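Scrolling down, you'll hit the structures one after another.
Next come two complexes, and both contain chain A; in the first it sits with chain B, in the second with chain C.
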Partner chain A sequence: MSEPLLRVENLQTRFDTDHGTVDAVNGVSFTVDRGEIVGILGESGSGKSVTARSICRLEDPGNIVGGSITFAERELTTATEATLRRLRGNKLSMVFQDPTESLNPVFSVGEQIAESVRVHESSETQRLLDFLGVSPFRDRSAWENARERAIELLDQVGIPNPEANVSSFPHEFSGGLRQRAVLAIALASEPALLVADEPTTALDTTTQADILSRLRSLRDEQNIGILLISHDIGVIAQTCDRVVVLYDGQVMEAGPVERILTAPERPYTRALLSCSVRNSDADKQVQSAMARPRDPSSSHEGCPFADRCQYVTETCRSGPIPTTEAASDHRLACVEAPFSEAKFVSEQQEIPAANGGQQNDTA
Partner chain B sequence: MTQRNQTPDDVQSGTPVVEVQNVSKAFSSTRSVLGRLRSSDSPAKAVCDVSLAVQRGETLGLVGESGCGKSTLAKLITGQLTPDDGQVRLDGTRVGELSERSTAQRRRVGVVFQHARGSFDPRWPIGRSIAEASSDATSASLHDTGPDEVAELLCSVDLAPAIADRYPRELSGGEIQRVALARAIAHDPDIIVLDEPVSGLDMATQARVLSLLADIQQQFGVGYVFISHDLNVVRFLADRVAVMYAGELVEVGQAGDLFQSPNHPYTEALIRAIPSDDPRDPPPVPLHGAPPDPADRPEGCPFHPRCPAVTQSCQEHHPSLEEVRETHVRCLHAPEATGETDINESHTENGL
Partner chain C sequence: MTGAGLCKRLLTMAIVLLGVSLLTYGLVFVTPGDPARTILTQQMGGQAPSQDAVDQFRAENGLDDPFIVQYARWMGNALQGDLGQSYYSDRSVSDMIVQRLPNTIGLAVASMLVALVIALPAGIASASNPGSRIDYAAQIGSLIGVSMPNFWLGYLLIIVCALRLNLLPVAGAAGPKYLVLPSLTLGSGMAAVIARLVRTAMLDVLDDAYIQAARSKGLRERILVYKHALRNALVPVVTIIGLQLSYVLNGAVVIEVVFQRPGLGTLLVDAIFARDYPVVQGVTLLIGVIFVLVNFAVDLTYSRLDPRIDLGGEHT
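And then the complex of A and B:
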């Protein structure tokens, strides 16, 4: 099997704070290949965004203290700033949650896209000549071409009337249009991997559906690998091929979405799914067993979910939790796993008896 | 000192706690007087002729895309804006803008703003912000509100009393949202306007805040005007739902009916855009196009440029809000489209 586009192996990102060290990402491993969308699902504070930022090496003020990130056969954890600059926004693009913060308010949207096109198409010396403004050496036609490409990109991301909107400023756009413009900038360099950190969280559902369908067509038509970070189960379910469920900086369960989101074996994934308001209709009973997230700076042994897990046993707290392969391409970190579907169903029906029967089953 | 001026009889009585009657609000884009005289710009109509009523203990969900006028309508209710036309009534009494409302009237409406963190003084520990809200309402001095009352309020939103000494920046998104709710209930309102209270929170936190809202409503009998662009959240909490498009109400009805068999094509589009949690379900359907420019509204039905069922008459006639089955719908095709031929099986269950 050939090397995947992105391989994250046992990644550890740590923050040193006044209140102690926080292991925001603690041994996360996954891969993203070309032509697939991999989702990272988790609550806030689970380390989703830090994982994404670490991949782009924007983890500062945190530090990567262990593990490796291999992107396009290059090791990123030890790469120099110059190498990273060449990669970022070129083969590796990012889209963040808040488009207003990504766009420069004083330049038109078209210029910002054209800049991205130009930076990735022209050589370093040409850029210097352009910057110095020495007229005979200035490549003016390139800007014209870049502008045309910008219009093309605006059209591709679904901004209406691209010829007119290319000279609009970010403040003239609605939130949805701004996020589309950010997507256009990210796509200008024809990246191999797009890291999208909650790209639709701030948008209307109707716009979200459109952006998600565009991500799917990027995967299918341009064979881009996408890492999609979201806390919304629906977004992950309807967009991704595979999903990685994070909790407290650790991978709880990873595998194909059909499997993880319809028949999860990890109790945490189950608890997360039960939180979705979509799954709990009129009876107004959402799970709040998930209640208190743990203090991330406190050290712990064993399973991070142990305190909130209804299936917790002694083994869960006693030592590190091994990651097991439940099936090919389906990993989970749980000592009590695998939970069979039948067992879960029976336990759901008679929850009081759940703890009693548990240890025998998994011995 | 704080005493509920609500008796069980009030709950039964028909007078809605908040009622807006035919309110309209337009914003002018040019600021200067001279510019306004010169320019031929028509004002942006944010809210057009909206009538709604909310009873005590009831949750009214207000949904629509961004820019549809949800938040403007909320500000008209809270008195932050004055309507150009129409009136706002609290318990049947007509009220003006915030500065014209008496303290007693102001106390009746609580607000939780969309960006809750920005609604707290960053230099005050949150206990002081809550104390200010509860004492302000009774026009007592700040120090009269003891730490006990603040602790009690924090407990009622499921937070530890120790949190009172912390500053807004030290709290997580879910915590600050709950503190905002504690501050809103501090002055015993009859109704709380919640502007996107759970957007931006993750699923687990969202679930927590929502069940807390349901608990608070049961405990205090407060009514909610719940604004959200997320229909799932609205479906979970709301008794009735009002769908807004381009400043107008396009459909108002019982939440269950509205979600099971929407009568307006826009409501249907909103529902179809929700991504399902089950990966085997078909992907969400985007609604193409953008809402109309509020300063330049299209002729006829404002939704017609994006409507999948558009006809010639939609471009010419502006539909009125008519009663169809149990709901109110603003669509020229509503009576036919929802006739006996196009009713879901579920319709028979909706015996409301």
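And then the complex of A and C:
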């Protein structure tokens, strides 16, 4: 088997705060290949955004203190700024959660896309005066071409009337159009891997569905790998091929979406799923337990879910948690694994995937 | 920038200027000292004039008219560029201002240049490397600059550069060489204020999500700082530059006295001591007009810098 596009191995990202260190990501491993969409699912504070930012080496003010990130056969944790710049301009793009915050308010949308196009064309020779647009130093024809390309990209991401909208400013766009513009910026560099951090959280359901279907067609048409971060099981179910379930900076369970979301083996995954399924007999106690995330700065002895797990045993609290393979592509970290179906027998679950993206369980 | 916004803006400016002129004229009107008596004393070489002469002079020059009539007459003339006659010289106030204005404008522009040349790089360097030696040096420099009274710095520069080292002329306004010390004096104080603001504004902006997003496109740090961050940080900085330009005019009063430059500042101070009211009124009105125009220019710059700002003043 050839090397995957992205391999994250035992990644550890730490934040030094006034209240001590926080291990936001604590030994996360997974891979993303070309042509597949991998989801990272977790609650707020589970470390999914930090994982995404670490992959793009935008983890600051956090620090990567261990593990490795191999992308396109390069080690990113030790890469120089110049290498990272080249990769960001050519192979690796990121879409952030809030499109309003991630567009610069004072430059037109077209300018911001064109910039990305120019970086992609010549990531090494970014001359300041050229980018500032100081007239004798501005390469007019290059910017003119980049603008043409920006119009194409706007069309590609579904922004109506791209010739006119290329000159619009971000504040003149709706939230949905802004996120499309952000996607256009990300696609301008023709990435091999697109890291999308909650790209649809700020959007209404119809726009969300459209953006997600665009991500899928991007994967199909351009064979790019996509890492989709979300807290929304519906989004993950609708879009991803594989899913990695994070809790407290650790991988709880990872495997194919159908398998994880229909037959989860890890108690945490089951608890997470039970919260999202409407009209089910979801255990109220589990629901209230889910509302109380662990204090991230406390120690990491044992299983992070131990305090909230209904199947907890003594070994869960003390020892290291082994990772077992339930199937060849299905990993889980749990002392009690593998769980038999009998153990979960009282919990009749609906299949969340059947609910698709129709639900918005942000509550 | 909308046409309606512009009209609204121009109307506001007209009202403000009306207020400024009323205050200017009114303040002098209520200050003690009778212009008729003052002028006649001057004409008679220091002798007190007779009451008849004073009354006659008042009647001839309309000084018995109600305030509002006198104000209207003065304003009507001012609008045609006639600010009246100085009590003590036979020259018109407009003439005196036109003669002095270039010196003050030169000082203002030169000191602003000095301020920006120091403040922008210092503030940007500070903000790009917070906590570094450059940052500390710039901050200490600013602190000194802000704390130092500019007349004192002026004398210090005269003693060191002009008297000891003989590099530059002590005083006067005969050429560009004469501009160096005054503009350094005035500019360094402003630089301190502006540099601190540039630092704060840049630090604020560099923390914004769109900077991180722009970094994820693969842009160089330099372009992030000088294009994406600076353009956003300039909005508050332009405000303070506008205020500082007004400060230049105030500072010019002191600096022109220290360096004995014939400018608006010295003209105003001399006129106040001599109770030469037409000159005081004229210069004050002009300074008011400059303030208003500078503020208008600041607002125009805003809408150029940030497309979200409309001239009407609303921030969408």
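The rule we apply is simple: the second predicted complex is superposed on the first by the 313 of 363 C-alpha atoms of A that agree within 3 Å, B and C clash if a C-alpha of one lies under 4 Å from a C-alpha of the other, contacts with A are read in each partner's own complex, and residues count from 1 in each chain.
Please note the rule applied: contacts are C-beta pairs under 8 Å (C-beta built on N, C-alpha and C of every residue); 3 or more make two chains touch, one makes a residue touch a chain.
This one's a predicted model, so the numbers in the text were calculated from it and none came from an experiment.
Model built by superposing both complexes on chain A: chain B and chain C fit together without a clash. Applying the stated contact rule after C-alpha superposition, one finds that A:Asp18 touches neither chain B nor chain C.
Of the two partner chains, chain C is the only one that A:Leu128 touches; chain B does not reach it. Looking at the superposed arrangement, the partner reaching more residues of chain A, out of chain B and chain C, is B.
Residue contacts after overlaying the shared chain place A:Leu103 against chain C, while chain B stays out of touching range. Applying the stated contact rule after C-alpha superposition, one finds that A:Thr205 touches chain B and leaves chain C untouched. Look at A:Leu87: by the touch rule set out above, it reaches chain C but stays clear of chain B. Legend: residue contacts after superposition of the two complexes on their common chain; A:Pro160 is shown touching chain B, with no touch to chain C.
In the superposed model, A:Glu73 lies in contact with neither chain B nor chain C. Minimum Cα-Cα distance between chain B and chain C in the superposed model: 5 Å.
The contact sets of chain A with chain B and with chain C never meet.
Across the complex, chain B is touched by residues 42-45, 160, 174-177, 201-202, 204-210, 212-213, 216, 231-235, 237-239, 257-258, 261-262, 272-273, 275-282, 284-288, 290-291 of chain A. Residue ranges of chain A in contact with chain C, taken from their complex: 56, 58, 81, 84-90, 93-94, 96, 98, 101-108, 112, 115-116, 119-120, 123, 126, 128, 131-132, 169, 171, 182, 185, 188-189. For chain C in complex with chain A, the residues that touch the partner chain are 208-210, 212-223, 226-228, 231-232, 305-308, 316. Within the complex formed with chain A, the residues of chain B that make contact are 65-67, 172-174, 199-208, 210-211, 214, 229-233, 235-237, 256, 269-270, 273-281, 283-290.
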